[in-house]
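Take a look at these structures.
Note that chain A is present in both complexes that follow, paired respectively with chain B and with chain C.
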Partner chain A sequence: MATVATCGGDAVGVGSAVATASKSNVTSFQRRGPRVSGTNDSGPRLVSITGTRPSVRNGQLLVSTGLPALDQLLGGGLAVGTVLLIEEDKYNIYSSLLFKYFLAEGIVNGHTLLVASANEDPANILQQIRPVSSSRFGHYYDASKRIPQELIEASKWHGFFLPEKISPTLKVEPCSLTHGYIKLLQFIQNIIYEEGFDGSNPQKKQKNILRIGIQNLGSPLWGDDICCTENGDSGHNLTKFLYVLRGLLRTSLSACIITMPTHLIQNKAFIAHVTNLSDTVVGLESFIGSERETNPLYKDYHGLIHIRQIPRLNNLVCDESDVKDLGFKLKRKLFTIEWVQDNYLRQERNIYPPGFSYLLKQKDSAWGEGSLQHSTFLMSFLAKGMGFPFFQLKLLLKDGFVLIKKGMLRDDSLRCSHSAI
Partner chain B sequence: MLDSLLALGGLVLLRDSVEWEGRSLLKALVKKSALCGEQVHILGCEVSEEEFREGFDSDINNRLVYHDFFRDPLNWSKTGEALPGGPLGALRAMCKRTDLGPVTIALDSLSWLLLHLPCATLCQTLHAVSYQDSCPPGDGSPVGKVHVLGLLHEELHGPGPMGALSSLAQTEVTLGGTMGQASARILCRRPQQHPTDQTQWFSILPDFSLHLQEGPSKEFQPQSDPHIPLVDPMAHLTFNLHLSKKEREARDSLTLPFQFSSEKQEALLRPRPSQATSHIFYEPDAYDDLDQEDPDDDLDI
Partner chain C sequence: MFPELNNLLNTTPDRAEQGKLTLLCDAKTDGSFLVHHFLSFYLKANCKVCFVALIQSFSHYNIVGQKLGVNLTMARERGQLVFLEGLKSAVDVFFQAQEKPHPLQFLREASAGNLKPLFEFVRDALKPVDSGAAGWTYPVLLVDDLSVLLSLGLGAVAVLDFIHYCRATVCWELKGNVVVLVHDSGDVEDEENDILLNGLSHQSHLILRAEGLATGFCRDVHGQLRILWRRPSQSTSQRDQSLTYQYKIQDRSVSFFAKGMSPAVL
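== the complex of A and B ==
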């Protein structure tokens, strides 16, 4: 405080007091290293990689998955150095779409791509990617147009097509299950090393992200038996592969998307192993051919999306949203994910005008923690543009309904709760 | 739809069962493609060659290229005519040879192959054979479509191999039927598109030609189509969302507090009795529960 007095200012606020304190070096905290000015090379480089941004929560470097709705669900995006595992839907329509969105995002941002597949030539996969209309992080893809050829040719990509890399042997033996996986791991390791994604060439021009996409991992076309048998012996190849892959990813600037046909895997405990070995796991369940198609709740949706796991990277807790029933629908330009009950309640929206907050209070019950466990139904009536409708609703009714006084919610614990009449 | 099965190419699975056998449908499709002028290869593993060729005309029999693995599957007799590598080798050899035109390969049966070969190897080989038509040839020679027809007895296999083969197949035909009439449920998976599901009633004539039919008479259909109750999403909630008629009327006649209606406008425009002091008259209703912990209470109104 003495320093403040010597400055001679009147009405000195707290901010300027701190500033004067640091100027006169009262504090012992010194800034170490050069300032981040962005012009010289010695500053931190990570923020200058295109297509990435630091997470608002813990500064982790994130890349977009190609789908802004999915990014929001995963807490901002996919962390660099992690694996996104997508459990395929039954006919592999939507999972291959997510796969292509991931790659398209890489093309647009100028990332290097590595596409591995056992059933389709990677060049064909890239031909099917749709172009983009941009947004700030993550883009929207127009499902009707094709990506211009020059954009694909300008981008750098490496393909791994299993039938080309492995010559089929004529002997009828159980084909060596690890052969395809070992080849793929060696291929990935070579690319990472040669192109300097693991920091092995420090004098390289510009750091870039390697986006790896592996399609249909675990299917019989990779030579893996896990989908065909019921015993647990054959699963070790895939788990070893995932373990080694994660090690490769953690030491390089890369992000990986894997689609796996888990609906074919008979050993359910194995799926838990695979989930533990991956970082982010998203499951897709499409309604085609299932009895859920007749459910009026799922009328406008094409399927459900389940967020099975979100990683805890350098954290004690993970940012998992509470909403369990997420549905997706694919319109021509947009793949949207929303809470399923949202649609059902839309018909009620005309009664409660948007832009206000409404609360429903149950008669004769007190506010408090009890209301959190009380109900499972979220009513979202408010303005569009909010991803997840955690709103408190306040409603004044009369004549047979509960009259609630206008009051303010006291704390955030009630933010996610509601009860109905 | 059944007659255009072969137009799509790729792997076609014919799933039959004990009640509804599929070999006659396989032979009908083989006859059809032979009549179209395609090259037809048969991998016979389950029945003898004489039995398979029975019922075909001589010109069709002349077009069929039959690989016999029934008589000597493990090649014990060591004669020169047996193909090396067994059925798998034969399939792989066919991969390399398809540069002359459309080819149909009939596997009789895929179940036999699945029981004698590892599933992953079989899937890889089938994929290699049926993938030929979608990759463009480098030298410009026209590569014909490859149709692989596989007869699969679905009761012999567990869900694992069946699921693996189904995901590999472009078309899946499941045989069934009612009242003596056979039907085929055709599930067609096109890449990047929704799968189509159709049911076609048919019968096979003695000369193995396919005869498409209408479904059975109408009186059977209500039995086969049970009433599916409509799922009510409001059924298992812990609170009550249904309104009685009186409640619904009351709700409809409600004016919302933030809506600017004409009464409100008049109330605001009405000249106030006194401007100096402002009084708030508050009459608690019968339903109003005075919350003890209401923070509004400490506002000095």
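== the complex of A and C ==
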């Protein structure tokens, strides 16, 4: 992408070390020194953009999503020029929280914001963002403090509130996209061009990131019928919108978060299309109102977080996390994401008391996932309970194959390696 | 290109077959490494390549291509590579009305369009230049990927028509090759995608299918590759040959091994 060439060169000056804060606001991306001492002294001094850092894998420029835990799962952060799609949880509680974290991170770093919503005035959304105060690496939201008005006014932001932009009596001629989507794309393109985020305007040397947040995309309030009918989106409005939006992002210094109520979309093939057209896709599943709320396995968690897709940008491989079963919980100050392992262990120990040998069939895990990871992990844990340093795992696979894995427990046996046949 | 994959396919850039349609498909995993392989393979074979890249930007393919030993910028400058960057062109065609038909003209149309402008773009890109001074061996069309066209509102029939026209021009008339990537939606009911996939499978000479493992994610084995050689023109008495390998993608290459022979297990 264009961004890497201009901004990724000065990797030396950017670090994510634990803060000894020289500024009052501390983010998870902290520069080591106030000035950048680039490795190439011959060229003009490049100023690195606040709140960004190059990826350790390929120097791709990354911004924080506002949640250090999520950054880690996404391979360091969100790449500039890409889309983060959040599949909303059922009551849009946690997804709107992630949305606000993303914007709050932008305010703290002095990024320009663009907030688009069809049901809530962007000014109200920004008012709800709690201030960031932290004493260590991470973000804390102090519920008792209000965000100072000056901070909002000092930050540059643009709001797109759909009812203000289109009048209901407007005569709409048939065109390729829903009217609301067209207006939003024109608005975004205008901001990118006017403020020089795409580098096309030689007068405006923009060295800042544009953070775009679009709420509830695809909901009926945007004039889209994809959530209402089974064969909705016959005009493919949403997919075309995503495609053109990604084209705009790829050629500018911007990052976008979109929340989408996918639980309302009945056409599963459509969700697959949307996933393919997005870069990073994260799904949230909250336990509120579901049978899992009373399940003792999940009693410490508020929901599950699924990392559905991580892009392979400028690379053949991507930083996929080994752990696929992640739960999140929201305590008063902290939104944490953890591998849901402890409860799993307790549950499994009840099912498989030690001292016996077990032939595990593929789907015997309490999660019903059937992943080899669970089975291997389970056996090593049980062996540990029995006090034997060795374990042998026999797994009955399809086509009559049997996997026999013998291993010796290590201290990190909870993450012992595994392979498939 | 990946030397191990060349060995499995029994080809080298010097003696590749011509006039073939290769279908790449992926199910529950990312098959884009195959696209990078064929792009670098045909550039090294000194072919004139027309790359319709609908899903990623030019710099993405360029950076990966450099890891595989080809320089896309230079190839484009000397005319060997004609690159249609879908994302950038979509912005152009969407915000400004075009005088002449743009390859991605269907984005502006409300009802389902057709891919005639895109075919004309491909045909103009690959038609042999009269001077003949360049000396490219044969033309190749590479599309990444066709499922995007379905997502953007085109019907499976329109896409199949486009591939048919491309095959007639590139494979039969110009004795070149066509390589396309299609996503397999798997158990999700996507009728249009299934029509496209079945239709293309029927016409292809070589099918490379990258699948995720049935047992789930694994750090040492990223997936399974099924290679199917087909002879669509000949009678069905001769059985199609099929091989299956597992693979692991590394930073600059992909290693292939027989099922169960991953170095992590042995």
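Throughout what follows, the second predicted complex is superposed on the first by the 272 of 421 C-alpha atoms of A that agree within 3 Å, B and C clash if a C-alpha of one lies under 4 Å from a C-alpha of the other, contacts with A are read in each partner's own complex, and residues count from 1 in each chain.
Heads up, the rule we're going with is that a residue touches a chain if its C-beta (ideal position, glycine included) is under 8 Å from a C-beta of that chain, and two chains touch if they have at least 3 such contacts.
These numbers come from a predicted model, not from an experiment.
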| item | value |
| --- | --- |
| Which of chain B and chain C A:Leu330 touches, first, second, both or neither | neither |
| First, second, both or neither for A:Pro163, with chain B first and chain C second | first |
| Partner contacting more residues of chain A (chain B vs chain C) | B |
| Partner chain(s) touched by A:Asn315 [first = chain B, second = chain C, both, neither] | second |
| Partner chain(s) touched by A:Pro261 [first = chain B, second = chain C, both, neither] | first |
| First (chain B), second (chain C), both or neither touched by A:Asn295 | first |
| First, second, both or neither for A:Gly223, with chain B first and chain C second | first |
| Touching both chain B and chain C, residues of chain A | 174-175, 362, 397-398, 401, 419-421 |
| Touching residues (chain side chain C, partner chain A) in the complex | 30, 32-33, 36, 55-57, 59-60, 63-64, 67, 86-91, 94-95, 107-110, 147-148, 150-153, 183, 185, 188-191, 193, 213-221, 249-252, 254, 259-260, 262, 264-265 |
| Of chain A, residues touching chain C in the complex | 1-2, 4, 58, 174-176, 185-186, 189, 235-236, 239-240, 243-244, 246-248, 250-251, 268-269, 272-273, 276-277, 312-317, 320, 322, 324, 362, 369-373, 397-398, 401, 417-421 |
| Touch list for chain B against partner chain A, complex | 84-86, 88-89, 92, 117-125, 127-128, 131, 134-135, 158-161, 163-164, 167-168, 189, 192-195, 197, 228, 230-233, 237-241, 246-247, 250-251, 254, 256-259, 285, 287-289, 291, 294-296 |
| Complex contacts: residues of chain A adjacent to chain B | 91-93, 96, 119, 121, 124, 128, 163, 168, 170, 172, 174-175, 177, 219-221, 223-225, 227-230, 261, 263-264, 266, 288-289, 291, 294-297, 341, 344, 351-353, 356, 362, 364, 366-367, 374-377, 396-403, 405-408, 410, 419-421 |
